Amino acid sequence: MIIVLKKEITASQKDKIESFIRSFDSSPSYWKNNGFDVIGLLEQDLSIWENDLKNMDGVEKVIPIKKEYKRVASELPPKIIKYKGVEIGKDTFNVIAGPCTVKSYEELKEIAISLKKKGIRLLRAGAYKLRTSPYSFQGLGEEGLKIIKRVCDETGMLSVSEIVSTEDVEIVSKYIDIVVVGTRNMYAYPLLKKIGKINNPVILKRGFSATLEEWLLAAEYLAESGNSNIILCERGIRTFERYTRNTLDISMIPAVKILSNLPIIIDPSHSTGRSEMVKSICFASMAAGADGLIIEAHYNPIESIVDSRQTIDMEILQEILDQKENLINLWDKK
Amino acid sequence: MIIVLKKEITASQKDKIESFIRSFDSSPSYWKNNGFDVIGLLEQDLSIWENDLKNMDGVEKVIPIKKEYKRVASELPPKIIKYKGVEIGKDTFNVIAGPCTVKSYEELKEIAISLKKKGIRLLRAGAYKLRTSPYSFQGLGEEGLKIIKRVCDETGMLSVSEIVSTEDVEIVSKYIDIVVVGTRNMYAYPLLKKIGKINNPVILKRGFSATLEEWLLAAEYLAESGNSNIILCERGIRTFERYTRNTLDISMIPAVKILSNLPIIIDPSHSTGRSEMVKSICFASMAAGADGLIIEAHYNPIESIVDSRQTIDMEILQEILDQKENLINLWDKK
Amino acid sequence: MIIVLKKEITASQKDKIESFIRSFDSSPSYWKNNGFDVIGLLEQDLSIWENDLKNMDGVEKVIPIKKEYKRVASELPPKIIKYKGVEIGKDTFNVIAGPCTVKSYEELKEIAISLKKKGIRLLRAGAYKLRTSPYSFQGLGEEGLKIIKRVCDETGMLSVSEIVSTEDVEIVSKYIDIVVVGTRNMYAYPLLKKIGKINNPVILKRGFSATLEEWLLAAEYLAESGNSNIILCERGIRTFERYTRNTLDISMIPAVKILSNLPIIIDPSHSTGRSEMVKSICFASMAAGADGLIIEAHYNPIESIVDSRQTIDMEILQEILDQKENLINLWDKK
Amino acid sequence: MIIVLKKEITASQKDKIESFIRSFDSSPSYWKNNGFDVIGLLEQDLSIWENDLKNMDGVEKVIPIKKEYKRVASELPPKIIKYKGVEIGKDTFNVIAGPCTVKSYEELKEIAISLKKKGIRLLRAGAYKLRTSPYSFQGLGEEGLKIIKRVCDETGMLSVSEIVSTEDVEIVSKYIDIVVVGTRNMYAYPLLKKIGKINNPVILKRGFSATLEEWLLAAEYLAESGNSNIILCERGIRTFERYTRNTLDISMIPAVKILSNLPIIIDPSHSTGRSEMVKSICFASMAAGADGLIIEAHYNPIESIVDSRQTIDMEILQEILDQKENLINLWDKK
């Protein structure tokens, strides 16, 4: 339940409201919404007090939230994430691009320069990888983080990279700007709780078999632990279809906007698993109203150490960017 | 395997080629492709004769098709369906709209007039329905077909309606212009074979659990039986996600274009099951390169006798149409 | 809603009840249950009249059915199918075996003789096949039906074979004892309605993506059309797992018994798609309480024209039968 | 690749073999198989040396393993886990039972005493829980571990409990005998690597959307990290069916035995989510050849703090145990 306070509220009215609500909810949240002060009562179902609250002096209106997730619900004002000069959320659109995995400083630098020239400010690259086989390349680890940081420092880009284990939260968040919770970790609640304690924006990928509700509840874990700078990322779900690597669930774009206040971005690379399909899916995502894209891109895709099959080259990336303004304009984004 | 003949081929060269190929394939197909005469050898794997054919006088080139589906493969020239002044396929985009089910002449007429005003030429409406429960409304049957025909005659629109059983092929194809094979009938090969004998264009909806390959092989059944005026329709697949009625597999748009020569349209209504998501999905489909849309629309959605939850009103339909030109232009369509 | 009548009911009491119920339900059904006369009111929700009916003279008790399927619900007495000396349902267990597809009289006869020796009375063999590719073998058709009938006549077995199209209902039901609705036809309601008009017992295979409720509603279509001699058959569902051909949903055995009064049998061949797994699955099915098995078996599996990969030989079949008595005894079957 | 050595091998022959293989594989494994000494070469594909090895003096035979998982493949001798007097694997069958979650010492003690009387030696109880909502009960944590240990010490039972995070590996393995990797953690490779360093047997639950191959590769992570005391546990997969909580994939019992040398047990509680179906599924699992069961049981199921809907009482548990000997005897287990 959210209580919107009147602009002309007096201090004593406010005190009265606060002492009333503190009697049954020990942790109200406070924020501003369109110039109004707002109090969020998120822990318990207080709907029986709705009328009492409505009738208190100084209360503009009361908004109930029936959903199990309270802190990321669409009843709250849209979440705008502002971080080191980048703004993610409503009215904006961000493209994140880069290789699946960092292999060397030279390679990443060259990719970063190409991206920067195209106006891209967010560089993705994996240092820790979860691989299905223990005998596959598992990433460069801290060495990789250092390369990513060096490249970002030199190019003025922000870095985007995955945390795969609770034990790596501290080190990754030291080197990386925007951390990623991968699809296999969406249900790793101890990891989410720990990431809830850091300040970096976090991209929460949907578990490849997670329902929308489970996904939003995973976001609630992050928010409840203290970090509400959450960007949802749809990256395809596991179905019977095998031509594509996963089945991109494009409907999550309007669905998330109906149910949640969080931004949602699309990963066309892991969802399709096929570079020749990425342009079409990027167009679709922008037109559907997504708030961003995270794309695997490389100046020479076949050199990618992991996932080269789904990595696009700089020419296709440019074709996608060429239509960006036109498409995001459909949803008044820029 | 397809044999493209030289423009300057002589009659005796052609005879020689034909008698050679008839020695191992009893049913070659003939058509024109960009001004060249073409012979299709579709029944058997004749790849061992590829070089012999290539070297025959009068042969321009030989194109092998390794896929199990031969008549709807992307190695063939894109299928353009022309029917009563409507053109469906590459370079074009068609919107089909109307109620899920025909209820009365008056209602359908009013809907048709609204659609016509918006420039829509294709009217969808169900007369025979497959309902999960035997106690649900099963459609008006022939009575419904007559209403649809009358409304289309009066408005100059073309009709689009489903055939649910082999026994109805004759009667439906008499009243209806473009027939539909519904999702539950995609595997009904005896029905496909029978529809293969009529001339009406046919919309082949993807079975809600059909793989892309099974879908294209179902199209091959139609083509092999004589009707290659096929329009594929993605309408969502069944997955674990339950917020949407089905999961729209938007990736089928680029995937179909990679593998097949057939046009593909999108059904945003059955896939999402939620009218509030239809606009976003229509934008996505147009941007991804679809060849058309089939939308449930009604001047007053809550009056829809079936599926009112997913039916959009005329205002939202107009918002979709307002962006059509801009979006289909991405793929050089008009 | 079911009304059980008192044994000592008088004619005038019965008249009174009947005229009362006919005022709101035009098609009551009548049957005997454990010596009591029973009236079934299946079309409409008459729960508001429950107390009135309970209090009428001559009424023993009233059993409401809230489920959407009324004629195959577990509130009704268990369905026992008796046909030409075979009894299928509670307290019994039947093994159906034979080749996927009939190829020749000689082959089928040899298989039938082997099965007969093992005490098996029900011979399965396909004459009409639904194949994913139009270029695959589609079955012998009526020629196949004649072979099956001849072999069954000569061996005294009952035949089990699939109907794939509404147009074949008449001819198949003439030659075949127990007809099968295959997995691809579970949603083919016009076909179900037509099979509802014949008297042969019918095996209704679960659609490979059908929910339990859809499956029971498909059975309701058969029952509502007049044929309640229905045997449900679980044959595996389509999931992401690809090691097995389908995923056998063994839980349907207890689930069907909780929700429905129909018998359920298991197809271990199509579900696993691997002959080496069939024995284990047959043991599991018998132990779980299934009412029967339908197994692809051949004296020499690699000779099977279709599905040889999942066909077991006579030795493995014998190993399964050797444990039958022990296992079905768990559920007081014989 | 596995090299089986001749019984009469000389020390110098052995030296020669070892120095040969050490030239291309730095980490051969050694074990005994049916009285023969065996060398495992697991890291690399050495099939090109197969003949050279076969022809060396002292080599009995060479067994190649083509699968991506090498240490848990069926080419190796069946894994028998022996721990504190309990033996799990081929020829044995173990029942693990207890409440979903430990609530209090008194409750757990009473359950343990009931189970002990029935001859059950393995007590399951959760102390750390992964819950979909951050507002649900998350388990008693270390307090719960202490209760479980006390109860097991007092009753002489072995404890079975889940580790949910890398940070808890040390503490859980101190209190608990057999640790569990839950379905949401099957892909948590950093966790698997850490559990690979402890000696406790580990139950590896299948991810609810994991393929068989991914599951076996997860087991390979454990084995490769040093812990091969692995028990696979099938607990149902996520499908479109919603009547059951998950879809139990019973075919995994024969499938695991074909592909792997690890034991497999079944969780009838989480798979069905319905206590009334547990008995049927336990019978099926035993008959199919499973190596054990892990069942949620409570003297009064409705008192269970979590998952009471799927918890059986002591009477049903007894009915299951009453048929155990008869059913596991099918596979020569005792």
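Chains: A, B, C and D, in written order; residue numbering restarts at 1 for each.
What we mean here is this: contacts are C-beta pairs under 8 Å (C-beta built on N, C-alpha and C of every residue); 3 or more make two chains touch, one makes a residue touch a chain.
In this text, all values refer to a predicted model and were calculated from it rather than measured experimentally.
With contact taken as defined at the outset, subunit C and subunit D are each touched by A, B. When every chain is reduced to the mean of its CA atoms, the largest separation from subunit D belongs to B.
Each chain gets a centre from the mean of its Cα atoms; for subunit B and subunit D, those two points are 50 Å apart. Separating the centre of subunit A from that of subunit D, both taken as means of CA atoms, is a distance of 36 Å. In subunit A, 209, 238-240, 242 are the positions where the chain touches two or more neighbouring chains simultaneously.
If you draw each protein chain as a dot and join the dots that touch, every dot ends up joined to every other dot. Those residues of subunit A lying in contact with subunit B across their complex are 209, 211-213, 237, 239-244, 247-251, 253-255, 258-259, 271-272, 276-277, 280-281, 283-289, 323, 326-327, 330. Contact residues on subunit D toward subunit A in their complex (touch as defined above): 43, 68-69, 130-135, 164-168, 184-185, 187-191, 208-209, 214, 217, 220-221, 224-225, 238. Of all residues in subunit D, those touching subunit B in their complex are 238-240, 242.
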